[in-house]
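Note that the chains are named A, B, C, D and E in the order they appear, and that numbering of residues resets to 1 at the start of each chain.
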């Protein structure tokens, strides 16, 4: 064993009935690395995050967190070991005050500070509002905030910028960078906003129809002809 | 003089609503009659009427309220569970209770007490006449039983089986239907398929009505003799068109009973309602009669005084003079087996065989007052 | 469970909690004083006995309301715990002289039973859960009605209590005036205990599970256990009501397990408002008084009650408690503006 | 020209929360209008006012010059205004095809039907008999757009249609929107993706804190300039 | 004999199916667990009884179904529609209040005693089946049940309105956004649901008796059916009704001691196995 990766997936496969959404996907993310994960709609990115976070059972393959095999562990154990995620379809506690739900998220993790995360994501002014009374973009940020609490060692973010205005997504991008650089948090970033992905990723993985299409530094990926054709279009 | 204050606790909602309405009519009639003739020994009767919702909880609540506000001569509930729940509190509320329709033997058995009286026929009384009746009137050798699956139905089935076996007859099949059964077809098919010549039926309320209709629908009524425990009652006959035509059964009352008191009642009733009174109506009526005569004898409306006056007294009832047995407070009276027949174009239960009180009222059992 | 129930080191939440405690205690003393005042001022035994029963049902409603508030679940089978508690106390009392022990064991036993049951059934979603509890409750109802022997079957069971229970004369439990006070204190103590419990992390945790169970797991909490614990606590509170009722009336019948009892108490809960702990209890008292009043004046109580029920539900979406809270907030805001 | 959609000094509320303050905005036939602003400023609430999902108190709302009183949610679609809602709102118990057919409930004649939608988004045809929610997020967005087109609207209101879509698909959308607009369908585009806006829209409104704070022509503006207008 | 018992199960199952399909319709569209459904059932039977006294069974049937449809429409227009943003539990309790009101109305008009509604002459009598006479009327019930099931499935699966109903049942707001007048749709659907309850009431008249509590009796059985089937699912409710009918008929013969518990046991078993009912997904 030469190097311990923050997160390693080996040959993950996931099926929905007849559809094979992930087909033997492997990936290694180093501590403090921001890894972009892109690919056409329906490529299996969310499914991959579901498999890593334990939400969906895998048909084959294994997941390792800091060298430890966590394939058999449930959602809760994975989160307590430092693997956290956000959701593409916003998943929050609609009828609860924002401060209360953040505090709850912090309470199970030693040294976690809910107030700080709320400040960083600009949610502090909503602390006393119910989550279903704030705008869509603010709800999206709350979803991310719930995942950020306690600075997990690995963050799986499913389109965190979707629905955020430009300023907000810039701020969030800076924040992610800071988490990675200063705190050594590894981030797996699924995102369709190419400016953000190419702007902050250390390396990028491309999925297509459940399989790995390409992997490499942002510049390589941007130049990759197949990726340009299948995915990037004019954003290249 | 102090008026007689009666608390009528009846079922105006829930499962026993129909019987509740009938017995209430009978009670009201008795009260009106007494008040119209200037009251009872110079006392007017005042009543309060409350709904027990067909549950012991509801009955207890209403009864407690009545008793504590002075209406402490209680009468009325249908379900035995309600009567037993009241019986237990009479001491605490300083009240007296006369059961009019609750048939459980426990009222005059292990739950009997000084302040509780059973003016109606108990289950034991209904079953006591089965064996003598079978002996002289039933040619059938083989029987089947259909009863509701709870304590009353099971007891009835057991007593019938014993009675039949003592006479060397056989019970081929006993089926028990849960309370609340709506479709009796599966049971009827079983009964028809059995080799029995006659069927003993012990069902309650709505189950009974549903069974009566469906038995006629499948032709069971015409192919086998049906004998009912608490079956041939006016409210059942009326609710089922001609489905009960020819059904036999234990009968507690019929207008043709030949006593002066009954003749007077039937005449007065016809005058007011244009028809004969039903068993449930007469049961309510008799309950009030018992209280009224108790007050007369005691010349007091205090529950304790009325209770001791009633205990062992001979009362004038529609069944003739009847003793309120001191040992267990059961009113000792005759009982009947009858049959549903057309009388003057109208279908109603008619007495076929009468059994005098000495046969109809078994000796006290567990109660020692 | 203890891990979830013990609070973490002093943090913001705890500071808030600390300021809650004195308020809770002063409210509690007010409530106790109110109970004492009522028991001394009301002379009529009729009214007293009505109030006593209302308070006993308020305890039942408190339990059912707690389940609705913290789990978002409707149970049509809670009468099971109410009635079963009565039967267990009754059977226990006939077997041993120490009714105090019997009551405590009964409540604990029902809590345990409910907990085990909940582990299996809380996965059933929404209204189907309500129907499932109805089915379970009705099964017991049928069993008890059919049974003979000790429980007395459909006729119900009279309980012979020994002369002393919990160090008090049994008469104290059966006399409306004293029993009112006993039940009232029990109610107040239970409300206090539950609000203290909800002041710990258990409160927001169960609320979050109610709102979005999946996400709770993704913030690191197991969800099955807390839900089952809520169910068990709710059943235990209900069982306290059942035990009080058995002590007061000395009688239990199968009807006390019937689903319509659960339905009635659910009406109390919604009438009172299930967003606060005390709402359902208020609902129970209002229900009792109103029902009694209407029942006295007309035989059409069902129709009138139905219409009033609809009216209250339509006019006060959050129940009586919701209406009161709203009014209080308004007054507060109004006076704030003046200052 | 009579605007298809006209809000005049509209004030909208959620319960007691006053969200829109005197919003005035109009879209004429064939126009391509963008509505931009930061998160939570009330863009979606403009859509919700049209759909009677937020309550209007004060101001007037007109469809095709007709003042809308006692608004109904189904009114907009019947007046030729289709909405692609934020968050997609695919109906889970209907198949993809049924979701599309539901979009055609108003039966307005026009070029869009099942066949032409399937041509536009082949994945929808491939999966047409599976439940609408068994699609990936982006695929669901395509379905939502297809559903709105099924009504052959005169005005298409798009609330962040590019959310969750791959860049190539966004390119495609830009084409589609342009084709639609060229064929005479008016567009009201609420977006965060400025490149999509500059490619499609001709006029824009900027919102802040529930009010329109600026409006203007897009002609000649590039992304960076547009951005400046929004940030102000 | 077993053939006969299965037939008996089919009869009761069909009756339950008619009641339950009305419940499913109303639940499907308004997300309301309609406790008043039993009283609609009862109301149907009483109205038919009243009309049949004068004009015979068939007029009674038509009268009951039309009056109930009108009642259903009003229920939606002045009840469910105004309460559509309320918590489902609240609306459920409103229907509970309605149940009390309906029962009181019926008691005030017709009194508390039981009545009997006779089967029409043309359907009286028996036919020989499995070696014993079987009432023709009961066979008609089975036919009616199947006809209702087929008609509903056809309507919901293969018509435009059916599509709108299915859409509105999960997401009324989005469906309305597509230009569907969901208010009118709901009015119609609740009317049909109530009419079905009325139909079932009439149909059951000749073999049950009419009493003010007849509604509550059937209500629980229909709830069991709807929940076992998976709330809001027709296919599920049909299957569940048939299973429950068989369980009761066969249970009465082969497991008599447990007969009363069987429906509840069945429901518990199904829900523990599949928490969202037969039609729901397994979790």
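Here is the rule we go by: a residue touches a chain if its C-beta (ideal position, glycine included) is under 8 Å from a C-beta of that chain, and two chains touch if they have at least 3 such contacts.
Everything numeric in this text was worked out from a predicted model, so none of it was measured.
Hopping across touching chains, the smallest step count from chain B to chain D is 2. Look at the CA centroids: the one farthest from the centroid of chain E belongs to A.
Counting C-beta pairs in contact across B-C and across C-E gives the higher total for C-E. The most distant chain from chain D is B, comparing centres defined as mean Cα coordinates. Chain centres here are Cα averages; for chain A and chain B they lie 76 Å apart. If each chain is reduced to the centroid of its CA atoms, chain A and chain D end up 29 Å from each other.
Chain C has its Cα centroid 44 Å from the Cα centroid of chain A. With centres taken as mean Cα positions, chain E sits 49 Å from chain A. Counting partner chains per residue, chain E shows two or more touched chains at residues 103, 107, 260.
The set of chain B residues that touch two or more partner chains comprises 12-13, 149, 178-179. You'll find the chains touch as A-C, A-D, B-C, B-E, C-E, D-E.
Residues 51, 53, 72-74, 76-78, 83, 85, 89, 91-94, 98, 101-103, 105-106, 147, 151 of chain D touch chain E in their complex.
The residues of chain B lying in touch with chain E in their complex are 12-15, 17-18, 20-22, 149, 175-183, 185-187, 189-190, 192-193, 206, 209-210, 213-214, 217-219, 235, 238-241, 243.
On the side of chain A, the complex with chain D involves touching residues 16, 38-43, 46, 88-90, 133-138, 140-141, 159, 162-169, 192-194, 230-235. Contact residues on chain C toward chain A in their complex (touch as defined above): 8, 11-13, 201, 204-205, 207-208, 210-212, 214-215, 217-222.
Those residues of chain D that touch chain A in the shared complex are 14, 17, 37-42, 44, 86-87, 123, 134-139, 141-142, 160, 163-172, 192-195, 227, 230-231.
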